[in-house]
Each structure stands twice: as structure tokens, then as C-alpha cells.
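The two complexes that follow have chain A in common; it is paired with chain B in the first and with chain C in the second.
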Partner chain A sequence: MSAFGKTSTPYWQALPFALVFLLFFVLPLGLIVMVSFWDYNGYQIIPAFTGQNYLDVFDGCIADLPDLCLTFATYLSTLEFGLMVWAITLVLGFTVAYFLAFHVRTLTMQIVLFLLCTIPFWTSNVIRMISWIPLLGRNGLVNDTLLRLGLVSEPQDWLLYSHFSVVLAFVHLYTLFMIVPIFNSMMRIDRSLLEAARDAGASGWQTVWNVVVPLCKPGIAIGSIFVVTIVMGDFVTIGVMGGQQIASIGKIIQVEMSYLQFPAAAANAVVLLAVVLLIIWGLTRMIDIRKEL
Partner chain B sequence: MSEPAGLELAAVTKRYGRTVAVDGISLRVPAGTYCCLLGPSGCGKTSTLRMVAGHEEVSDGDIMLGGEVINGLPPARRGTAMMFQNYALFPHLDCLDNVAFSLKMRGIGKADGRERAHRMLQLVEMDAYAGRLPAQLSGGQQQRVALARALITDPRILLLDEPLSALDPFLRVRMRAELRRFQKDLAISFVHVTHSQEEAMALADLIVVMNGGRIEQVGSPREVFNAPSSLFVARFIGGHNVIEDGPGATGGAVAVRNDLVRLVDAATLGGGGPGDGEIRRSGRVAGIEFQGSVVRVTVAADADLELTVDVAERAFFDNPVGLGDPVVAAWKPEDAHALTGGSA
Partner chain C sequence: MTNTKKTNAVGISRRRVLKGAAAAGGLAVGSGAITGFPAIIAAEPITLRYMGTAVNQHAGIKEKVKEDLGIDIEYIPVTSDDVVKRAVTQPNSFDILDSEYWMLKNIVPTGNLQGMDTSRIKEAGNITTVFTVGEVNGKKIGDQGTAPKKVSFLTAKDGKDFAAEPTQWMTLIPTVYNADTLGIRPDLIKRPIASWAELLNPEFKGKASILNIPSIGIMDAAMVVESMGEYRYPDKGNMTKEEIDLTLKVMTEAKKAGQFRAFWKDFNESVNLMASGETVIQSMWSPAVTKVRSMGIPCTYQPLKEGYRAWAGGLGLPKTLSGKKLDAAYEFINWFLAGWAGAFLNRQGYYSAVLSTAQANMEAYEWDYWMLGKPAAKDILAPDGTVMEKAGTVRDGGSFEDRMGAVACWNAVMDENRYMVRKWNEFIAA
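Take a look at the complex of A and B:
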């Protein structure tokens, strides 16, 4: 084979996926960035170059401080959800993965239990979300049971269409995204390390904290990226489970789109993308995930 | 440093479900002994070691260290320390933190712990590498760090699970000399699991040959080599001809060391006479292997018996034989050692 052929082979091999990537990721993203600088009025979008959409996103944000403008308040609320869901899925996911990796002895049983974790994913996530409603509603099963047991005197309203139900649905939907990468990290841990820790006098908790957690860091980082990015961009779950009463960045973008304010939506999307990338950058600064890939 | 302590096993048994891995073994290892548990894989030697370390529960029997029963104690409170087969160094910690790990677990202050870890690394001549991660070390260096990590707990006995098997042959010889030196300097007992008879011979004060969950023979390397007690030991330890229906033996099998068998040229035998009371087997040379100081000659004797004769290199080339030559292998009856136990 010629020298040219040798050097170009890897590029040819990378070409198909590069094309897919270009067509379905880079191009749309480029379009969004482009449109975010366009102008618009009530009935049309106008190709132009203006930073007005970005100014609108942060309209009054600096002037109103310390009061929060709409954008800041919404980001804060979305970040709060992100943080809460992240913390809960992390603890849950780590615990489940730990059980699967270290307490389930046989491979068959591991596979069976792992499949069990994925069963909820056999239905669409809208259905999974909606199925909470008859459970948590004013006349739902939970309220019914609480009333009958005499634990409460009237139906509890905080169960549904509340921050609680939003977080609950997120945790329900996305814990698996935390379990899988952490489980993967744990399976790579040499079991003799746990024995070595025990030999050195470490208690169970000390072993988890000093050996298992540090060695699971890449898995934790990958799971965190999954969960945080999904929650930051979500508008369906927050919409349905929040009874359309809770604001989120995704919701703002969706509303702007429904009013055909595409440039404004695009500008918001670019800002959201920047924020999420910043979070991921922060995570990868703390943890080197390349080891896991 | 802790007081060196003697180890004693009393009818120790390990069962996994219905299989018996270790079958009621009793053993006494005096303080300050280098003891090798030697046997093929699956003979129960590693299970025995892990029971002493506390990483495996004893199904039956007692383990005593310094006269105290330690069966029920967690590994860290037994006064034992273990060095694992692949060293099991924590990959996310540098050498210093690896060594200081057990001190940290015991809540010893960071500065104090690091200083003691430094001293321990100095002992194994690894203080120059204190900041390196295990992945950045060679096999031999990893072993030294693992040794330092095990020794920092001041163990009364050190347990080593095939510590040399991860090394290349050249390094293996060097590191085993180091292990021996450390054992002598520290004066505590080392219990070392290995499947290499060569390693056991080179290191041990006391060799424990195990097979099928039982102890076949206990003795010094010289005793085991010169007087293997069973067919199994004679075969496993190597360097012996095992003759199942040996003449001169009372019915049972005998073992003769390869180097105590003499090759006699069949042609010159007539002149030498049959005397000296030697036992002789005639056959043909079936193989010649040059091994440096000796030449290993395989003799196919008449009744599908193969004898191995180690001839000193000089002697062989003074009076060489070729493949297919008729020869007679001869040995003195007192060099034939009767073997007990039929199982091999």
C-alpha cells in the first residue's frame, strides 16, 4: 500500500460517523447559534445580526439585583432541581450499584437484577410519569391510604403538582443513568483491594469511603453528567409533574417556540448550553473521566 | 516491633458447601520461621493462608498465634498481615499513602502516619518513590511497597500469597533473596504460599507439602528433598526417580535422587563385575538434556520404566553416551528411599 493510503485510512474509517455527527449535531447547533442573532417581530423572523435576543434574555438582570430577574430566578430554580435530583440519584445509584457489584455473588443473579432495574424503561417515560398521578393525586392511592390509616385528616396537596412530585419523577426516571456507569466502575475494582483494606483494619464504611468511592469517581462523574444535563434541559417532566406551574429553562424555550419567537428561543438555548457545558467542564476538571472510556 | 509469635493450627478444616478444601490439618510453625506452604493448585494452601489471615472463616478447628486462639478475630486484630498475590496496592494512592493506609484507618494523625510510612519505605529502599502511583512502578518495586504496607502494622507473622508469581523469572530470584533477608532482619515468621518447589527450597526453614487438602510432609528443605515421605512428595519435589515396584524395597515404591543414579556403559559392565551390591536397570538412552552443570539423561528401562539420571557435566563429556545407546543405570540400595502412601 502506498504511503498516502496508509496515512489516509484512519480518516476514511472515521468519515461515516463524522458525517452523521456533522449532519445531526454540528449543523443544527450552528443553525441555532445563527438564528439566535436574528431579529423577529410578531409574525416573522428576519435574517440580521443583532445581540438584542441575548440582551432580552438578561433583561433587567443586572439592574434589579439583588432581586432576581426572570432568567436568574428560573435558572436558580432549575439548578436547585438539578442539585437535588443529582444528590438523590447519586446516593440511590451508588447504593444500588454497590449492592449489585459487591453483594450479589453470581453473575447470573447480577444480570437478572440488572434487567429488573431496566424494566421501567420498557414503557415510554411519559407513561411512567403519568402513572404517578393516580397514585399521588388528591383522591389518589397514597392520600386514600393516609386518610384511612388516620395519619392525616384531609388529603395532602403537596404530593402532586409540587416540587416534591417533580423531584420524585426525576429520580424515578433517571436513577438508572447513575447506576450503570457507577456499576461499571465498581466491576473494575479488583476484589483483593477490598480485602487489603480489611487486612489493614478498615471498617466497612472506611473501605467504601477510602477505596470504593475514589475508584468509582469516573463512573460518578459520567452518571452526574447524564443526570444534570437531562434535568437542566427538561420541560416535560417539570411541566406534567409540576402541573404547568413551575418554571424551568426548558419551559421558557418551549413557550417562546410556541409563539414562533425562534431567535429568542435560540438565544435562550445557547445560554443554557453554555451553562451546562460549564457544569460539565467543572466536573471533568475535578475528575478525569478519560480513564473510564 | 511486636513480639514474634509461633503459629499453630489444630485440626483446621475448610468446607465450601460439600467440598472440603482443607481437611483437618495440624501444624506448628515456631516463631521466627520462614515457612513455605507448597503444593499444586487446589491443594488447599491458599485457603489455609487465608484462614490464618482471617479472610476466610474456619469451618472447624483452631488457629493460634502466640498461644492465643485467633479464629474469631477480624484480620486487623490478629497480629497478622497479608501480602496479596498481585500486591493489591490501592491504585489511586501513591506509595506513601498506600503504606500509611492502615495508620489512617486507625485514626493516627496525618503527620505522624506519614513519618512512620516514610521510615517504612526507607526500610524497603523505596523512599525515593514515595510520590509515585503503583502503576508507575515495576513489579519488584510494587512488591517492596506491598511489603512495607504489610509491615507497618507491626505484624507478629507475615502471610504471603504467591508473592513472586507476578514477576519475571530473573526478578523472582532476586526478590526471593530480598524476602529471605527481610525475614531474617525482622525475626518474625513468614508463611509463604507457593507452587514452586524451587522457591520453597531456596527460602524455607520449614516446608509444608500439601495435597488434596491434607499435609503430606513437614520438614526442612533438606529433609524433604532427601527423604520424601510419599509418592506424591517425591514426584512433586522433583529430582527423584520413583520406582513403583522397586527391588530392595519391601513391596512398596522407592525414590532415588537423580544425581545418585550412576550411568554404566553396558559394554564395560562385564569387566566391572556385578558386585558392590548395586541395583541395576538396563535400558537405552531416550533423551539427553544439557542443563549446565549437569546433563540429564533419560533412560528407557525395560519394563516401561523411565529413569532420569543427572550426570555431572564433566563426567558426561569424559565418557559420553548417545541417543539409543544401551546403558545400565545403577544405584546403591541405601540411596533408594522407601515411600509410604500410595496416592500420587
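Take a look at the complex of A and C:
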């Protein structure tokens, strides 16, 4: 085999996956970008280059300041959700993973408890969300209990179709995405490090903060990427739990698609992709995942 | 698992088809009517792919078609958004299109539909005047929006333009239509409701809802704005940019003040909101009201003095359909108008296209209740046999003439659709 043949071997090995990637990811993405510059009317897209779709996305964003335009307001509210959900799932996910990794002794028990964490995924997303209504609704269990205990004098409306309920549903749905990678990182920690920390006189908290957390960084980063990207693109949860009254980028795109406004939807999708990539870029600046793995 | 299931299902249906074909063949031989059309179809079972929303896709209709015509109907249920999308982008993926009239404004210009030859449709002359000239018993009804009479006819078989007058070429053969209004919970409101303006009455703060389907939601909003005396629209179904801004400004203010509990997008959401008491007044569809009532919860489909927002659906044929399949499609459409299906749909609270044939297939007390607005002489049963309404009740809104005669506007696509959708998104975000 020639020298060229040898150096090219890895490329040949990478080829099949590269082709799949090209065909099912790069090509469709290229099409989306292309269509986002096309014009459209009620029933067709017109292949004529125009920047109008992007102008529409940012319509009034400069002129209306300090009032936020649709796009800015929606991104701001989605980012708020992202941040809150991220913070809560991080704390929750870390705690659960810590318990599973360090307090549960046997592998069987770990598997059993792990499966318990997946229970929310046993039914469909929509059914899961609809079942919040009898719980949080005006005549739901929570309100009934509060009324009976005399804690409130009338049903609390903020429990459902509010920011609160959206965050609650997100946390319920996506904590697992935080638990898994963090748990994975924790299982790789050499237990003798913890013993060493203890021998050196560290308290429990100090061990967690100075040994476990730094070693879990890649897990935390991966979990964060999962949670943040899912929340940024989610529109079903925000729609159902927010009573369709809270905007999300995904919802805007969906509405545009349903009215055959594919170019406008494509432009919004490109902007969303850019924002999410920026966030991930920021995260990877903080933690070099590749090095940590 | 799914795979095995599928194979099974195919096996069963194939066996059933063979059996049906054999039976029909035998019958044809026995009766000596070998040249009749059922024999042709029985000899070679034809399957028609029927695409539309699930509203009209009843198993009962499918079975009856198989029994009467030997034609297999394969339902392709999609959301109403996807009906347009598929009719525009994949006209080869179905043989019969079940579409709403407002969608035609987007579908017909693509040339994907063929004009249906009224000379091949037996009951064409008896299709209700609601569709052909926009009248109920000689009285003009509201035609704001995409009224069916504006889009029912084409200038030519392959035409892409709507004809102003009835012609030989129809775009859709009407299947069902109805008049929509607000649903209310009379037990929680405890006073008469008579106007669309009540939707924004602060009395119902946090207990109102509107549907989050921009093109329909904005019409309901316009009914409200007009009845509040804010503005009189020349055409609610075709607003100018200023009118869209005005309408949504009123709605946005109400939303910011906390008037709405939630918006709904599908049937079940609207039922849940109403049945759980989260809302007491909201835009609603007639079967959703029935569903709430069947749960034992009082719910009224309230007639309002400003009138109804109407909608209508019908069957269309894709341009590519030809030969035996086209013949079968005409066969099916003729069957649909022949009465059995009409009676079936009337009994669910919709209206059918040819009233005379539907009446012939309904019991007198059913016709009196559903169409004439008289108190039910006996219990009114749902198609599955459960009691829908007790004897003595009167249909909300009364007779066909009272309800369809009071139509104010029709579901529509506006010329400023692009702008409207953007503004609606802003309203949701506000």
C-alpha cells in the first residue's frame, strides 16, 4: 500500500458517516438557509432572492425601542425560561445523581432507581402535560387542598397557564437529561480521591465542592446543552402549560409553517439556530468538553 | 410488534375484500345485473384515498360505502393545516380531498384540483342554496369572508379562477357545514348572554378563551370588536392592515388585563377548559359543546344577536385522478349526497348538502329536532346509541333557518394573510 493510501485510510473510514451527515444534515440545513431568502405568497414559494423574511423577523426591533419587538420579546422570555429551568434542573439533577452515585451501594438498586427517574417518559408528552390540569387547575387537587386547609380564600389562578406551570412542566420533563450525564461523570470519579479528600480533613461540603463538582464539569456541560437547547426549541410545553398565551420561537415557526409561509419560518429557524449555537459556543468556552472527556 | 399487527390487519382486510367481492359478484350473477356498475367495481375492488381532517372520517360511513358500492375508503386523517399543505405540495397522495371552502383560495390557484362535472352528479341541482347563491329559503345570508358561493364554481374544468355565477364545474361538493358561536357555562354565568361583546366583559376576567388558530381567531375577535361598537368592518374576512391592527389592539389590551384564561388550539383542549370550569365563555365548536354536555356538565352553544361565524367543507378531486378511480370517486360523491351520509351527519349536529335526501333517511322526530328546532319528541341518540339529548330539549339556536339564516361571516383567508399571521403572533406574545 502506498504512503498516500495509508494516510487516506482514516478518511475512508470516516466517509460513510460523513456522507450520512452530508445527506441528512448539511443538505437540509443548506436548503433551509436557501429557502429563507426566497419570496412567497399564499400557496407557493417563489425562488427570488430577497432579504425581506429577515427584515420581517426583526420588524420594528430598532424603531420600537425601548418597547421590545416580537422577536426580541420572545427570545427574552424563552431565555428566561431557559435560565430558570437550567438552574433548577442543575441543582435537582446534581442532587439526584449524587445520591444515586454515592449513596446507593448496589448496582441493582442503582438501576431500579434510575428506571424510576424515567417514569415521566412512559407516557406521551401531551398526555403528561394534560394531566397537570386536574392537579393544578382552578378546581384541581392543589387548589382544593389549599382551600380546605384554609391557606387561601379563593382558588389560585397562577398555578396553571402561567410561567410557573411552564417551568414546572419543563423541570418535570427535562431533569433526567441533567441526571444522566452528571451521573455518568460521577461514576467515573476514582473513589480513592474522595477518601484522600477526607483523609486530608475536608468536610462533606468541601469534598463535594472542591472534588466532585470540578470532576463533573463535562457532565454538567453536556446536561446543560441538552436542557438549554431543548427549552429554546420547545413550543408544545410552553403552548399547553402556558395556555397558548406565552410566545415561543418554535410556536411562531409552527404557525408560519401551517400557513405555508415556509420562507418566513426558515428565516426564523436560521435565527434560532444562530442563537442556540452562540449559547453552546459560550458554554464550550467555559468548559472544554473534548479535553474533559 | 407493530409490524406483526400491520400484517395481520392487511391479511384481514384482504380476506374481507375477497369475501365482499365474491358476495357482490354472486349477487350480481344471481340478479342477472352483470352489466350494472356494482359488478364492475366488485370485479376489481377500488380503493380511494380520502384525505381530510378527522371530522368527517367516520368508520360508519366507510363501512356503509363498502357495503353499498364495494369501494374501499382509506382515510388519511391530517390536521386542517396539513390539508392545505398536502393539497398544494403533494396532490398525488390522495384521490379525494376533504377540504374547507376557505382553503380553496390557496389550493385552486395551484391548479391541483379539477372542476367537478355537475352533469355527473345526480343531486347537483338540489344542493342547498347556501352554497350556490348564498341564501336560506330565499333570504340572503351574510357573505363576509370566504363564503362558499364565491369559491364553489370554476370558469372551466381546468380553471384556476373562480366563477362569480354557478357553472358546470364545481370546486367542492359540500359535505358538512355549520354555524359557530360562543360556548358558555350557564350554571356558572347565571344570566343570559346575548352578544359577542360578552367575551371581553370584565365580569369574566380570567375565565374567557379564544381559539389560537389565527385565521379563525381573528374572525371571532372581529365579531367581538364590532359588537362592542368599536368599528364596523366592510368585510371581516378580508381586513386591511389598519383593521387587523385595530382588532388585535383591542384583543391585546384585554389579554394584558388578564381577560383570557388560556387559548385553545384543538378540540380536546376546548372541551377540557370548559368542562373543568377554567373558562365559562369561549369560542367553541358544536361537537365540543355536545362532548361537554355528554359529561353531564351544562354547556350552551349560545346564539348571539350579531349572528354566527359559519364554515363549510366539501369533497374535491385532484387533477391527476382519471379512469376507473375517477368514476369511483363520482360514484362515492353521488352516494354521499344520496341521503344516508347526510342523515348521519345531520344527527351529529352538522348540516348536510342535500336536505331532501337526508330528510328521507331520518326519522320524523329527528328531523324536527335537528332541522326544525322543535322540542325532541323522544330521546335523541348519538350514532353509537348513547343518549345525546333528553326528550323535550330544544336545539341551541333553533332551526336550520334560524341558525344558517343568521350567519354573519365565513371562515376565510385574507389578502393580508401574511401580515395578519405576523400580528397574531405578536398578540400571542403580548
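Everything below uses one rule, namely that the second predicted complex is superposed on the first by the 268 of 293 C-alpha atoms of A that agree within 3 Å, B and C clash if a C-alpha of one lies under 4 Å from a C-alpha of the other, contacts with A are read in each partner's own complex, and residues count from 1 in each chain.
One rule holds in what follows: a contact is a pair of C-beta atoms (placed from the backbone, for glycine too) under 8 Å apart; a residue touches a chain by one contact, two chains touch by 3 or more.
What you are looking at is a predicted structure, and each value in this text was computed from that prediction instead of being measured.
**Q** More residues of chain A are touched by which chain, chain B or chain C?
**A** C
**Q** Look at A:I130 in the shared chain and tell me whether it touches chain B only, chain C only, both, or neither; answer first, second, both or neither.
**A** Only chain C; A:I130 stays clear of chain B.
**Q** Classify the contacts of A:V211 with the two partner chains as first (chain B alone), second (chain C alone), both, or neither.
**A** In the superposition, A:V211 touches chain B alone.
**Q** One more residue to check, A:D64. First (chain B), second (chain C), both or neither?
**A** neither
**Q** Please indicate which partner A:D190 is in contact with in the superposed arrangement: first for chain B, second for chain C, both, or neither.
**A** first
**Q** If we overlay the two complexes on their shared chain A, which of chain B and chain C does A:D199 touch? Say first, second, both or neither.
**A** Only chain B is touched by A:D199; chain C is not.
**Q** Under the contact rule defined above, give the chain A residues that sit at the interface with chain B and also at the interface with chain C.
**A** The answer is that chain A has no such residue.
**Q** Where on chain A does chain C make contact in their complex?
**A** 41-44, 56, 59, 70, 73-74, 77, 130, 133-134, 137-140, 157, 160-161, 239-240, 243-247, 251-252, 255-261, 264
**Q** Sort out for me which residues of chain A touch chain B in the complex.
**A** It comes out as residues 190, 192-193, 195-203, 206, 210-211, 214-215.
**Q** Using the touch rule from the top, collect the residues of chain C that touch chain A in their complex.
**A** Touch residues, chain C against chain A: 79, 81, 84-85, 88, 105-107, 109-110, 206, 212, 214-215, 255, 260-265, 268-269, 272, 276-278, 413, 417-418, 421-422, 424-426, 428-429.
**Q** Which residues, counting only chain B, touch chain A once they are in their complex?
**A** Going through chain B, the ones touching chain A are 53-55, 74-77, 81-82, 84-86, 88-92, 101-102, 104-106, 149-150, 153.
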